[in-house]
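Next, two complexes with chain A in common: one pairs it with chain B, the other with chain C.
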Partner chain A sequence: MEYTKQGKHTAEFIWIWTIIVLGFIYLPVVCDGISSLSKGRYFSFPIKRWALDWWAKTVSSMEIGEIVRNSLLIAFVVTILSTIIGFCGALAFARFNWRGRKLFQKLILLPIFFPQPVLGLALLLLFNTAGITLSWHTAVFAHLIWITPVVTLVIAIQVYGFDPTLEVAARDLGASKFRIFREITLPLLWPGIWSGMLFAFLLSWGNFSLSLYTTGVDNTVPKWLYTKMIAGYTPMVPTLGTLSTLVAAAVMIIGGLCVWAVRKKQGRA
Partner chain B sequence: MEKAIMQKGRAPEEESATELAKEIKPGDTILDLVHVCRDFDKVKVIKDVSLQIKKDEFFTLVGPSGSGKTTILKMLAGMDQPTSGDIVLGGKSISTVPPDKRPTCMVFQFLALFPHMTVGENIEFPMKVKGIPGDKRCDRAYELMQLVSLPESYYKKNVMKCSGGERQRVAIARALAYDPEILLFDEPLSAIDAKLRKTLQKELKELHARSGKTFIYITHSLEEAMYMSDRVGVLCNGQLKQVGTPSEIYNHPVSRFVASFIGDTNIFKVGMTAAGSWACEDFPGMQIKVAPHGDDRDGYLVVRPENLRVMYEGAVPADNVISCHVRNAYSMGSRIQYQLMSGKKEIMLELTPRHDHGIKPGDTISLGWNADDAIFVTE
Partner chain C sequence: MESDSKAASAVKKAGAFGQWLRDVVQTQGGRCAIPVYILLLLGFIAPLVMVLAFAFATPRTFTAFTSFTLENFIHIFDGSSSVLMSYVWALAFAALATAILTVVCYPVAVGMVRIFGRRCSMVISVLFCFPLFVSENVRLYGWILFFMKNGILDGTLKMLGGAGPDILYTPGMILFGICYTYLPYMLFPIVLGVALVPQDLLTAARDLGASRFRTWREIELPLAMPGVLIGMLITFVLAAGAISESKILGGQSVVVITNDIDIALTYSQNWPQGSAMAVVLMIVIAAVTLYAFKKIDLEKILGR
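For the complex of A and B:
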């Protein structure tokens, strides 16, 4: 009796706490969304006149169209490259034993802890010295330095859970190395690769510090938001901010649905 | 079909290894291990093992963990190579032939089923690799499922949703789908509970008869080995101690190790006295009758617990009689095992419950055995 009563209070507390935490995290995003729905040029609260004017302006803006395209392009290229590099790296240190493997495992973690603005600045100096013109290409390179280690770790978790005996068994059943990779290894590592890709895309899409130093004349969404906030505020800032969050959420939901569909297909009864 | 395989650029040696294996007549030697040794970083894991395995037989290698049985199996499968010596199949060395080009297929200890595939896809995998068309694969998969007693409805079931025993059957069906001449089993029943294990052992023996393949099985349980096999090889520290039929191993063990591996047994150290009779230090002052065996070296008498008789009043006299104190009784269902002490020597006795003579812990009884019921070994 006593136990159930206590359990009930615990459950209530967990609910209240969850709501507080969620509110704390999502309130700024909601405020951002609300402020984009005001008709006024400047932000004031409470909102006097509601309108979708700024959304229309943002969506039809040529400038914004270009920076969204830039951000998507960078995120896309970074996702592809970091997944390929990360996949090979993860296989290398999670599946095979070689000299320096432990050291590699630690070295690959370092860029994650390196302060991004410092990393960005260092890269800027490097590009200048080497005489490389800054553009979205250099931003891709900068993103890769920081994102590839993350992707490698995410994929490595899946590789650690993979039973190498399956490959031995497939070989014993006559399969070639290429077939084993395509039909056994890759399908089983796919969830990890997929998570790695999602991480790569979202981290690149939202990255500001590295983009600030390395994009040159090409603008990205976070960088544009920052510039407009410090000079020349327009309600397009919260609008694009909300839009950016929605894109990220959409990517996550679509990604999640894909994983769910794959699981359902594999788990057919 | 043959053409399609050749076009895929398979090495000609695979054709010959498989063809060779098919041409060998049942009862003839299919695999010949010639002085096989395997070292790992200077540690000798397999020490000079020579062994002939006949086509169509159920051969089991048995030994405690670390005896090298898995290493031998891996060398037979092509996943490992001997350091010296040779593995010969039909007169041709196959020591360096890779696993995918041998007429062998392994059923792994943890089965290694492909978790992202259905039962049907798992079984069809080796046939798909060979380039057999889809409808033929499917027909054969259903045939094999019937052979290993899996219901047809399981074809589309995810393999991870099957129970332990069912997975076992899928693994065997998948191995058979490769159409190997030799099936290798790496203790696949060790992770299964005792009752199901007995059922699967029976099924495996039946399957061996029905499939007409050569089965090579490894296990650490001599009981399991004797239950299923035509012949058994006992392995200890990388050396083959004895090869023979289960009854040869049980009734004529060559050493104490082999004799005691089957389970609890009584071993008495005996030696010949100056007077030419046999004596045992466990039973001082007693003359032991030993069946003549033409060897006067010191040795050991192996007396199975079920070969000891209780010398109740009016019992048929026995060659050797000792007095014992009953310490404990362990019921094993169909049998009762008694732990007794004769002086400082522990003795095991096994009786059936209907003929237990009412023995209980604390009693003092006489036990006897005839010279012919004991086995003399020198090591």
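For the complex of A and C:
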């Protein structure tokens, strides 16, 4: 503690700096929010008339309803598939001590250490050559490539804290493999699985670079926003952008609280 | 003799592959890795092989593996196109963003590990993590609203009797956007790095009379370096392939290489050319990654 006490000015500087950086991170999000509340067709600040008109228009738009449904559908399917694959991957990553483990731990990082637009374009090329029509199916596949490794890492963190002797004890007591899995392994790993699902959903919901090249006719929210952005200003862009941000925030907070509650309950049990 | 050793190394390689396959199929852990391996094979290796195959195909054709030419690569380097410039821009943006973000994120990381306390650090890391869940184009668009004519900044300054700077759609703005988008990718690895530094060592160094700067330079930074390097690497790699920033904030002021690849593969339908450009980009990225992992000698950099 001596060190921090002596660096009192350093500590003050770091606090202020962090707040500035956080402000910088959230400033454009706030700008989106402000301009969605303007009544006019064209944005100019300071806002002369505040209104919720564009929110009403956005929420009641059929077209937007459909792309929101697409985004949700993709995010749900990606969440389920990536969690199942990532759960197995996490066991390989952290639970079992096998010979190919070190290599596996490196290979699984490759898609994360790879620029997403380039991966999206490479997948586009693959789909085109294979004669696969682009749709939300191909978008799900593209999302899985980089979301599954992330989910694997998130669940692996939980697996590292898992005590394998519990499984051995259950087996010695005569429990079947399936029963050990259902009653020991799975319940202990639930918090990690929930966190992984949360990451998967949110990352898929907000993904732009992969969706841009792989969704085809089934537009997602980020891709629709992009086509409107380059076509000129419409207040629907900041409105839907803010709406999508709020959905992500709500999912993160509610999901985060659920994970926290599960952990807490487990800590007591 | 030479062919013998070649054959021997081929056999050795095949043996290593066989061993790898046996490890995967025969151990319990390996079997758990199979779904991930299949996914990576179909969705990562296969598209990259496809890109590689198309890079050597006749320009403007739509089949790979049937022709072989270096024309696409020659076109990149013969100076007849602006593609080389696109590489320069992309790599310059990536290098500058990496340097800037290292300096910006380091103090924040130190704060999160040592100063803010557990609870505050939790909240702050959630706040830094959240933007990753909002698509980057929405966040970048907020900067347009901030910087545009009669936007938030311009409007505010006009009320005060001034005027906002006219910086939208410039290369500087693209760099700004890249720094903005990739900040969390730099921050979290550095946090992991700084968390590796034992507090006792810092206290000990201070107690023995080392200045604060010397403690930082000789104790903290070397120990935190693995995290910092990983952050720099991931930021550089992702920024080199970034496209949204130049598309949204850059207007048409500068074309980065991913833009060129995008155009070749979509509008102009020249798959072989686009593939060749992607291959060169991937080679550059791979070279930088390997260089970072191999050549950078931590001890040497830090003069110990």
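Rule of thumb we're sticking to: the second predicted complex is superposed on the first by the 239 of 269 C-alpha atoms of A that agree within 3 Å, B and C clash if a C-alpha of one lies under 4 Å from a C-alpha of the other, contacts with A are read in each partner's own complex, and residues count from 1 in each chain.
Everything that follows uses one rule, which is that a residue touches a chain if its C-beta (ideal position, glycine included) is under 8 Å from a C-beta of that chain, and two chains touch if they have at least 3 such contacts.
Owing to the predicted nature of the structure, the values given are computational and were not obtained by experimental measurement.
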Mind checking the superposed model to see whether chain B and chain C fit together on chain A or clash?
fit
Name the contact category of A:Ile184: first (chain B only), second (chain C only), both, or neither.
first
Who does A:Gln116 touch here: chain B (first), chain C (second), both, or neither?
second
Residues of chain A touched by chain B versus by chain C: which partner has the larger set?
C
Applying the document's definition of touch, where does A:Ile230 land relative to chain B and chain C: first, second, both, or neither?
second
One more residue to check, A:Trp15. First (chain B), second (chain C), both or neither?
second
Which partner chains sit in contact with A:Asn70 here, chain B, chain C, both or neither? Use first/second/both/neither.
neither
Touching A:Leu124 in the superposition: chain B (first), chain C (second), both, neither?
second
Chain B versus chain C as contact partner of A:Asp32, first or second or both or neither
second
With the two structures laid over each other on chain A, which partner does A:Asn219 touch: chain B (first), chain C (second), both, or neither?
neither
Quick check on the superposed model: minimum Cα to Cα separation from chain B to chain C, whole Å please.
17
Using the touch rule from the top, collect the residues of chain B that touch chain A in their complex.
77-79, 98-100, 104-106, 108, 110, 112, 114-116, 118, 125-126, 129-130, 156-158, 161, 174-175, 178
Listed in rising order, chain A residues that touch chain B in their complex are 163, 165-166, 168-176, 179, 183-184, 187-188, 266-269
Please give the residue numbers of chain C that touch chain A in the complex, ascending.
19-20, 23-24, 27-30, 32-37, 39-40, 43-44, 46-48, 50-51, 54, 62-64, 104-105, 107-108, 110-112, 114-116, 124, 126-128, 130-143, 145-146, 148, 150-152, 154-156, 159, 180, 183, 199, 202-203, 206-207, 212, 215, 233-234, 237-238, 240-244, 247-248, 258, 261-262, 265-266, 271, 274-275, 278, 281-282, 285, 289
Residues of chain A touching chain C in the complex:
1-4, 6-7, 10-11, 13-15, 17-18, 21-22, 24-32, 34-35, 43-46, 84-86, 88-89, 91-93, 95-101, 103-104, 107-108, 110-119, 121-126, 128-129, 141-142, 144-145, 148-149, 152, 202-203, 205-209, 213, 221-222, 225-226, 229-230, 237-238, 241, 244-245, 248-249, 252, 256
